[in-house]
Amino acid sequence: MNEPIKKIALLTSGGDAPGMNAAIRAVVRACTYYRIECVGVYRGYEGLIEGDFEVLSGRHVSNIINKGGTILKSARSMEFKTVEGRAKAYENLIEAGVGALVVIGGDGTFTGGLKFIQEFNFPVVGIPGTIDNDIYGTDFTIGYDTALNTVVEVIDKIRDTAGSHNRLFFIEVMGRDAGFIALNTGIGSGAEEILIPEKDIGLDKLEESLAKGRDKGKTSSIVVVTEGEKIGKSVFELGDYIKEKYPAYDIRVSVLGHMQRGGSPSCFDRVLASRLGVAAVECLLDRVSGVMVGVINNEVILTGLNKAIKLNNEIDKELLRVAEITSV
Amino acid sequence: MNEPIKKIALLTSGGDAPGMNAAIRAVVRACTYYRIECVGVYRGYEGLIEGDFEVLSGRHVSNIINKGGTILKSARSMEFKTVEGRAKAYENLIEAGVGALVVIGGDGTFTGGLKFIQEFNFPVVGIPGTIDNDIYGTDFTIGYDTALNTVVEVIDKIRDTAGSHNRLFFIEVMGRDAGFIALNTGIGSGAEEILIPEKDIGLDKLEESLAKGRDKGKTSSIVVVTEGEKIGKSVFELGDYIKEKYPAYDIRVSVLGHMQRGGSPSCFDRVLASRLGVAAVECLLDRVSGVMVGVINNEVILTGLNKAIKLNNEIDKELLRVAEITSV
Amino acid sequence: MNEPIKKIALLTSGGDAPGMNAAIRAVVRACTYYRIECVGVYRGYEGLIEGDFEVLSGRHVSNIINKGGTILKSARSMEFKTVEGRAKAYENLIEAGVGALVVIGGDGTFTGGLKFIQEFNFPVVGIPGTIDNDIYGTDFTIGYDTALNTVVEVIDKIRDTAGSHNRLFFIEVMGRDAGFIALNTGIGSGAEEILIPEKDIGLDKLEESLAKGRDKGKTSSIVVVTEGEKIGKSVFELGDYIKEKYPAYDIRVSVLGHMQRGGSPSCFDRVLASRLGVAAVECLLDRVSGVMVGVINNEVILTGLNKAIKLNNEIDKELLRVAEITSV
Amino acid sequence: MNEPIKKIALLTSGGDAPGMNAAIRAVVRACTYYRIECVGVYRGYEGLIEGDFEVLSGRHVSNIINKGGTILKSARSMEFKTVEGRAKAYENLIEAGVGALVVIGGDGTFTGGLKFIQEFNFPVVGIPGTIDNDIYGTDFTIGYDTALNTVVEVIDKIRDTAGSHNRLFFIEVMGRDAGFIALNTGIGSGAEEILIPEKDIGLDKLEESLAKGRDKGKTSSIVVVTEGEKIGKSVFELGDYIKEKYPAYDIRVSVLGHMQRGGSPSCFDRVLASRLGVAAVECLLDRVSGVMVGVINNEVILTGLNKAIKLNNEIDKELLRVAEITSV
């Protein structure tokens, strides 16, 4: 029979997201509550291999709930992709008396966790932390809501100057292969058009939409664009293309970039992170492994890591309609 | 047979909330989209009686999606509580050729709308706009998410000074008879204790909790308190009571007050307001009346105004547990 | 002949202010630059007496430039007001090999420092840190600019709801006996009237001013009031007085309180704190003692602590005129 | 003898800046106070030629003190660079009964105003509004302080993620040919290195500085760079150069762009704009023309437009030293 878990290790991996620290705090506090020990692993799977561990107490997580980034740092690890690397990591955990692992991150993070379970039958639970909201098994990933607010606040500022100068702005936001950030911030900032991977509107539709706005006397416009290729063009190429075809437009391009990953988390993200951090610890105490904890319809739901990795979160088609109607 | 609706009137009533302007914009845009006219009514039911109307075009709602308050203003109307007042309001609407009414607000707003339907069989649809989140039939009311962020940002600032001086702060937040704001901001700001109407912890438990924190070496503490009576005391009496009983505490009281109702809406509130504004217009075009549009489990759901008024939104019991565990 | 200073002690005392951490960082960095040691003293003069010291390295001050509060904490010390207390503090410093002391705070902080110089001929330099801007010898105290921004941001929010409801708000801001915060935030937030200790406008003038606004059709008003007695009344009594005399007004009172002391410092305060922190260390290395470092007309200026304590910073009379003209 | 001025025209021109609306409000309010009329000119000199005028009343400027951008809009005008264009503008002003002109903007704006005075002897006063702070004759231009805060807030967010991933960020900020924004935000955000046009540190010094940081165990770094050519390279080329030479660095480049021009103005900018707006009107009433109103050593100072255009504002050399010491 298995012994009860006495020590849990915790790491953050992949792109960082606001609210990761709130999740770390919740995991540590839940460990305290259930009288088990929590070991922080620095720099993700890299630190797991190097044995870069520290026992985390209440002192480590006091006053971090409102801080962006991750106090445990994050890193990509090539070595963890090798059997030898993972074996080393496993030995470090066993040696440290750790009985289970909580990993906070996205697809790549969960893939690493899944390998670990398969090879060593070591209990792992995942917490979805990424601003992109592209994880199956949860309505919201930690950091997504904060990123939405960061983006609309910046677009509000850009609109001030766009409106003063009658300009057309192409604004590139993050999201990898998913249009969640672009679609929601496009609606939230009152963008005239939104370009997302899930719906190729084509250049014709974009041009038509801009022409319609101009005919109605709109003197400035915002187009929100998901990073990566759009309509076969980069956002700068897109700007150049429109500029050449419609010289009357005074066009500017702005790539929001990494600021979207930082900042103090929103209340929503702090509460979400607190819920999921507690849930992850309780899962492990209940002998559940191989799952990601998420929130669906406002309830904590478990999803197999395998499924969380393979399936995609779908954007809400209704929002596409709302975007079209409100940008009329 | 009924004629198709050609003109919709729109008002905001009750306490204002961030995102009301985004909802106004969405209603106006949806009207444009469906080629009907939108008439704005100033100062709620008071303006309905006085015929304080203005046709709203795209120009009126451009650049308001990010503004707090309501461009239509809000007011309490004693006259609308009389049959004569309502009759006058009805005549004004008929005279202006208005075929339906959208009301944005809370319980009181919907009560007025319901009366209006009952007496004149006039189509009315409600949109929930209040920071308190105390409306049955929607997971979130417009303005609630923004208020949560406003409160945690302020408590973050207070914690800076609380931590520098080893002080105990009692912070009163809004919420009327509901603990949504207190519970979520209490978790989100890492409060040591949260006092809400839904769960009377009693003075003993509060004192015990503070004592426990002190024993663990916590040198500063935040207690978030819902407005209204708590444990039979006002927040100032509560502060005085603890101060007298535990002279060692350096106690401060802060009442956050009306700032919670203002500010630029969060992306979440802007998107929610856009969805509900569009949904309200589509309801009326579909000949649906007497309902409130809300979002439950991320879908637009209709709830009878009667039910929305009579029933209460319940706080999430799981969050009480999360609060307890993470404040350990 | 005196030996060169090898070790500097540093403390913060009195009410904390945003930017104190930036000043601490600058002092520590300047010590590193000039190859001397910096000893942090916790909880102000209290920690000086108790010997609550820690050597501060780069690690201690990394990532604190943007944090509110003070990592060294602050406290009031009754014991330091006694000869015995100060003697104990002196002994601790000597024992720790400390050759000079930097104190960050306001009048009370400098009074303590001056006593220390007089009794033990121990080198002390002061840095003005308080949101109130009431220190003679500097155009700006550290924290003042941040507090101004905090206050106008909150009043912007309150104006959203004031404007939606046609209300009159009395808003109390900090400032002790000085109207700097009220006067500047009153102008900056477009307040209809500003009540400051330096200029008793009297109730008559206030009533006249409100009446004039009403006559011009102003439907909402903001009156910014410095804390402490105004026109012989507390801000609540003032609200009640106007409410009783002019029942037509829908009056609200908001006391902003301690949030004004917290928050991430503005760029201005961070740069000011960095300049003054460096200047304080350079003073001591140059064998200058008994002074406060300040910025006057954008240059670092030294003022005797005695003078800094006794004299008052005067508000800018021209601003009173600007306030009157722009609130017309 | 000259008649008294009864009507003043007002325009904003060039790149917009936060606080321009506060200045517009102050000009309008001062006109009301002195019982003269204020005519707003839309889209700068372009609107002057087209006669795009509107009489501005209190209603136009209520609730704009906190808004970014300019309600009068801005534009570049090629036609105003021709004698014919200016003659047309002059005729429009005379026809409208306008006796004097206030122009808000930067160098280009003042050049236009100066031409106008020279050719038509028409009274013009300038107000410095630009985020770049590159105008001689004032310690601060309107919008500069707000831009500093916007930039440090964004860099704070980027540092969250830089610190979590041990990355080196090159961040490009605005400033045209002046390093004010880069130098102050570099100090304010605790940047490891600052590249400004006024001080060519050379690639060697930059590499040395980065190496020093790495040797001290700094795992993430921020380099703030003024827009335009630096060290003969664009910021992207600079990033590539370092990346190639030091493959160990994980380098990211972020161009902050137009968001720096927008946003709600800081209290400092609102008060500055209020002072300068009032001063501009009072100048014209006092028959002063051909000057820019600025603030030097906290007093309103007049500078000939000719001088304001030709001379440059110098950065504070002391700050270079502070930057070096605090980034040690």
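For reference, chains read A, B, C and D in written order, and residue numbers begin at 1 within each chain.
Methods note: a contact is a pair of C-beta atoms (placed from the backbone, for glycine too) under 8 Å apart; a residue touches a chain by one contact, two chains touch by 3 or more.
Small disclaimer: the values here were computed from a predicted structure and weren't measured.
Undergrad: Quickly list, by label, the chains bordering both subunit C and subunit D.
TA: none
Undergrad: Using mean C-alpha positions as chain centres, tell me how far subunit B is from subunit D in Å, no decimals.
TA: One centre to the other, that is 39 Å.
Undergrad: Suppose each chain is reduced to the average of its Cα coordinates; what separation in Å results between subunit A and subunit D?
TA: The answer is 36 Å.
Undergrad: By residue number and range, which residues of subunit B touch two or more other chains?
TA: Residues 156, 159, 163.
Undergrad: Take each protein chain as a node, join two nodes whenever their chains touch, and name the resulting shape: line, ring, star, complete or other.
TA: Shape of the chain contacts: a ring, since each chain touches exactly two and the loop closes.
Undergrad: Report the residues of subunit C in contact with subunit D in the complex, numbered from low to high.
TA: Where subunit C meets subunit D, its residues are 25-26, 29-30, 32-33, 58, 63, 65-66, 139, 145, 148-149, 151-153, 156, 159, 163, 184-185, 187-190, 216, 264, 266-268, 270-271, 274-275, 277-278, 297-300, 316, 318-319, 321-322, 325-328.
Undergrad: Quick check on the complex: what are the subunit C residues that touch subunit B?
TA: Result: residues 12, 15-16, 18, 43, 67-70, 73-75, 150, 154, 156-166, 169, 252, 254-255, 257-259, 261-263 of subunit C touch subunit B.
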